[in-house]
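One chain, chain A, appears in both complexes that follow, with chain B as partner in the first and chain C in the second.
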Partner chain A sequence: MTQPSLDPRVNRLHLRDSGEPVEVQEGENWNSFEVFHQEKRGAHHEHVGCVHAPNAQLALVFAKEQFARRKKCVNLWVVRSADILAFNAEDEDMFANNAEKTYRDASGFKVMEKINQFKKSTNDKK
Partner chain B sequence: MTKNDALARLLTSMADDALIQGHRNSEWTGLGPIMEEDIAFSSMAQDKIGHAWALYRILQEDLGGQDPDTFAFLRNEKDYRSCHFVELPNGEYDFSLMRHFLFDHAETIRYQQLRNSSFAPLRPLAEKLKGEIKYHTLHANAWITQLCRAGEESYARMQTALNICFPLALGIFEPDNEAGEILTAEGIYPGEAILKEQWLDRVYNLCAAAGLNLPAEDAVTPVYGGRKGYHTEYLQPLLEEMGAVFRMDPQATW
Partner chain C sequence: MYGGGYIFDEPNKRQLKEEQLHDDPVKLTEFEARIARGEKIEPGDWMPSEYRRQLIRLIEQHAHSEIIGALPEGTWITRAPGFKRKLALIAKVQDEIGHGQLLYNAAETLGKSREAMINDLLSGKSKYSNVFNYPAETWADVTVIGFLIDAAAIVNQVANAKGSYGPYCRALERICYEESFHLKQGHDAFIELATGTPAQKQMLQDALNRWWQPIMHFFGPPDKTSVHSEKLMQWKVKMASNDDMRNQFLDAYVPKIRELGMTLPDPELKKDEATGKWQFSDPDWDLFKKVINGGGPCNAERLSVRQWAEEHGRWVRKALMTPQKVNVAPVA
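And now, the complex of A and B:
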């Protein structure tokens, strides 16, 4: 006999001692949704975590209290986790040599010189 | 009855409703159906207590009332003006959700009207609470819609919850003729009867969209009494529990 948990959510799972697999009933298995948080209008939405919900509307409702009840927030996005396409972990080698390709860094351009020149010229005009 | 007496009655009713509803909803903390919902429902319960506090503050600062904590926790049961609807135990989640849905749409209507109140302290408060209550109703609508589409048993439970809640919810708008006439004449708010009509319109449309039948108002007996100090047997035990810590040392600073 399993000791009943004090948490009704655990009891509802009908877990058994013997480790038999739990049968998942229709509608029990909710989707997870990734949550993106926007701190101010025009700013990027940044990924902050995920929620479980039966549909996108409730995911948005849950996300508001999970991720936007303390800090500043003006909007949220939710997207079904299953709709995100990602590379496999073993494909990480595609990015392995990035660190060597310094010729792709923007630091090679001598922009500051031009900016300083421009600032100087406008200051002179004043 | 003076204008201030009438105002105090209105604000006490509103605040007591919010306090008791907030306390009841907070009883779900740790027991909600899923973690995300547990957090959302608890968070909204805190909002309700905050609304009560803000109203008790107005009573104290503008109408010569007592300190909000003392007033909230140390009154006798008969001096509370909450409606029976908010006093009832939570029961199952269908009842709690339906109560939250009907109650918060009533709040929406009430605070919408109070944004134009002739009583100045209510205007900024009504403006401030607008967004919070909007979220509460968004949450309630999303759940009601979802559960009405989630199969036969789920739909039947929502309809049953609505049938049980509806006469109780009419108690939110229990008439108080003596105070009501003064408040309407003074332009504080348009009165309970008008709020109720607007609420019925709003709730009818939302129920229809979810496939629920809102009972006819004249087919039920509204559950009144709370605004006159007659309460259900459930209020006294709630007050004892809610005030237990406060009563240990009413002078303590927190």
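And now, the complex of A and C:
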């Protein structure tokens, strides 16, 4: 193809002549960092994705560009993906709940029933 | 869409474990049951090797498409008509590059490094969406891309966001949110030309005529010639058939084009009200294959621009990786 490009930069830089194939080396695109986004003061930081960066400081800069350019944001955390410790996905069953765990739950304590019963019985006595 | 193309295999230096070569039938049953229940698959989960391979191919092609797709539009930033259109186009191009990053990250969770993906793009092994091998000749082309190509991409992405692989779904959720702005600003620019001067209308009509065939190619070949779709549908890698997505797109957008008095260069294009299916003349699928395999008007240019960026960004990446000097304030 010899016709000039419609992109002026391509013609100006003679990009068609560059020829030599480029090989990107492993690691050249840096490490990945997980990004946590805080939407407002007092809220939790929530995981929103990751960025590639050479270090944590630049990861913050890239995270701001990538995850805070539209929606409200007051702060960001970044942490190297390799530093995240997690359970093995296959061990999911260890989180399975006992059927009977209402003793840990607010819904397991029915105080109103007892109060009403008490009020009813004292009224009946009068 | 994103059918066919290069399949990545683990580099030889990392020996494949026995379980990666032959899927354990018990685990496969559990895996398929999990997907049937509507649960997501996460990176650490067991998955059939074919699922992994196909997902890498799909997500990687999607990522490349976002990056290469920003090129025909990016070149129009300097020539966008007016300040607001320029700001919107810069924001859109930035979004597309961001989408590429999100998708590379999602693909990396499956075991292929970002560097390997970029190398496969530059060497021509990996494909990207065929539409970006065509030039954006006028501002009206940018308008047609922003409105109709993005609309078509949204049809595909909304479907894929309901897929089975967690990291891909999460990336798509964010992408779809941003794409809604792309579509709206494209529609707005499209309406402005369609309701403008006769010269503007003509420019838009010419661009529509140029882009209609690539748009019909966008969702890929018809279902009757598409291979190995069934398993991928069951695994929720592919969420809708090419023909269904194409029909959905035509149903939503042909009326939006025609209501503005614009025409489409296909005399057979009409909806069969009885079946709800759109009829159209068969796009040239030989041309589609030719362009995918490097024979399009812009294939070489797209890759050389991408390669130039990689080459000329290298010293920056290296400098940031190994900071040697600290900038100090002048003493006097």
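One rule holds in what follows: the second predicted complex is superposed on the first by the 73 of 126 C-alpha atoms of A that agree within 3 Å, B and C clash if a C-alpha of one lies under 4 Å from a C-alpha of the other, contacts with A are read in each partner's own complex, and residues count from 1 in each chain.
Quick note on the criterion: a contact is a pair of C-beta atoms (placed from the backbone, for glycine too) under 8 Å apart; a residue touches a chain by one contact, two chains touch by 3 or more.
As the structure is a prediction and not an experimental result, all values here were calculated from the model.
In the superposition on chain A, A:Q66 makes contact with both chain B and chain C. In the superposed pair of complexes, A:N88 makes contact with chain C only, with no contact to chain B.
After superposition on the shared chain, chain A has more residues touched by C, the comparison being chain B against chain C.
In the superposition on chain A, A:V51 makes contact with both chain B and chain C. In the superposition on chain A, A:L15 contacts chain C only, with no contact to chain B.
By the touch criterion defined above, A:N29 reaches chain C but does not reach chain B. On chain A, the patch touched by chain B and the patch touched by chain C overlap at residues 7-9, 27, 30, 51-52, 54-55, 58, 65-66, 69. Here chain A touches chain C in the complex through residues 1, 5-10, 13, 15-16, 18, 21-30, 32, 48-52, 54-55, 58, 65-66, 69-70, 86, 88-90, going by the rule given at the top. If you check the complex, the residues on chain A that touch chain B are 7-9, 27, 30, 51-55, 57-58, 61-62, 64-66, 69.
The residues of chain C lying in touch with chain A in their complex are 42-46, 71, 75, 78, 94, 98, 101-102, 104-105, 108, 113-116, 118-119, 122-123, 135-137, 170-171, 174, 178, 297, 300-301, 304-305, 307-308, 310-311, 314, 317-318, 320-321. Taken together, the chain B residues at the contact with chain A in this complex read 30-31, 33-37, 39-40, 43-44, 135, 138-139, 142-143, 145-146, 150-151.
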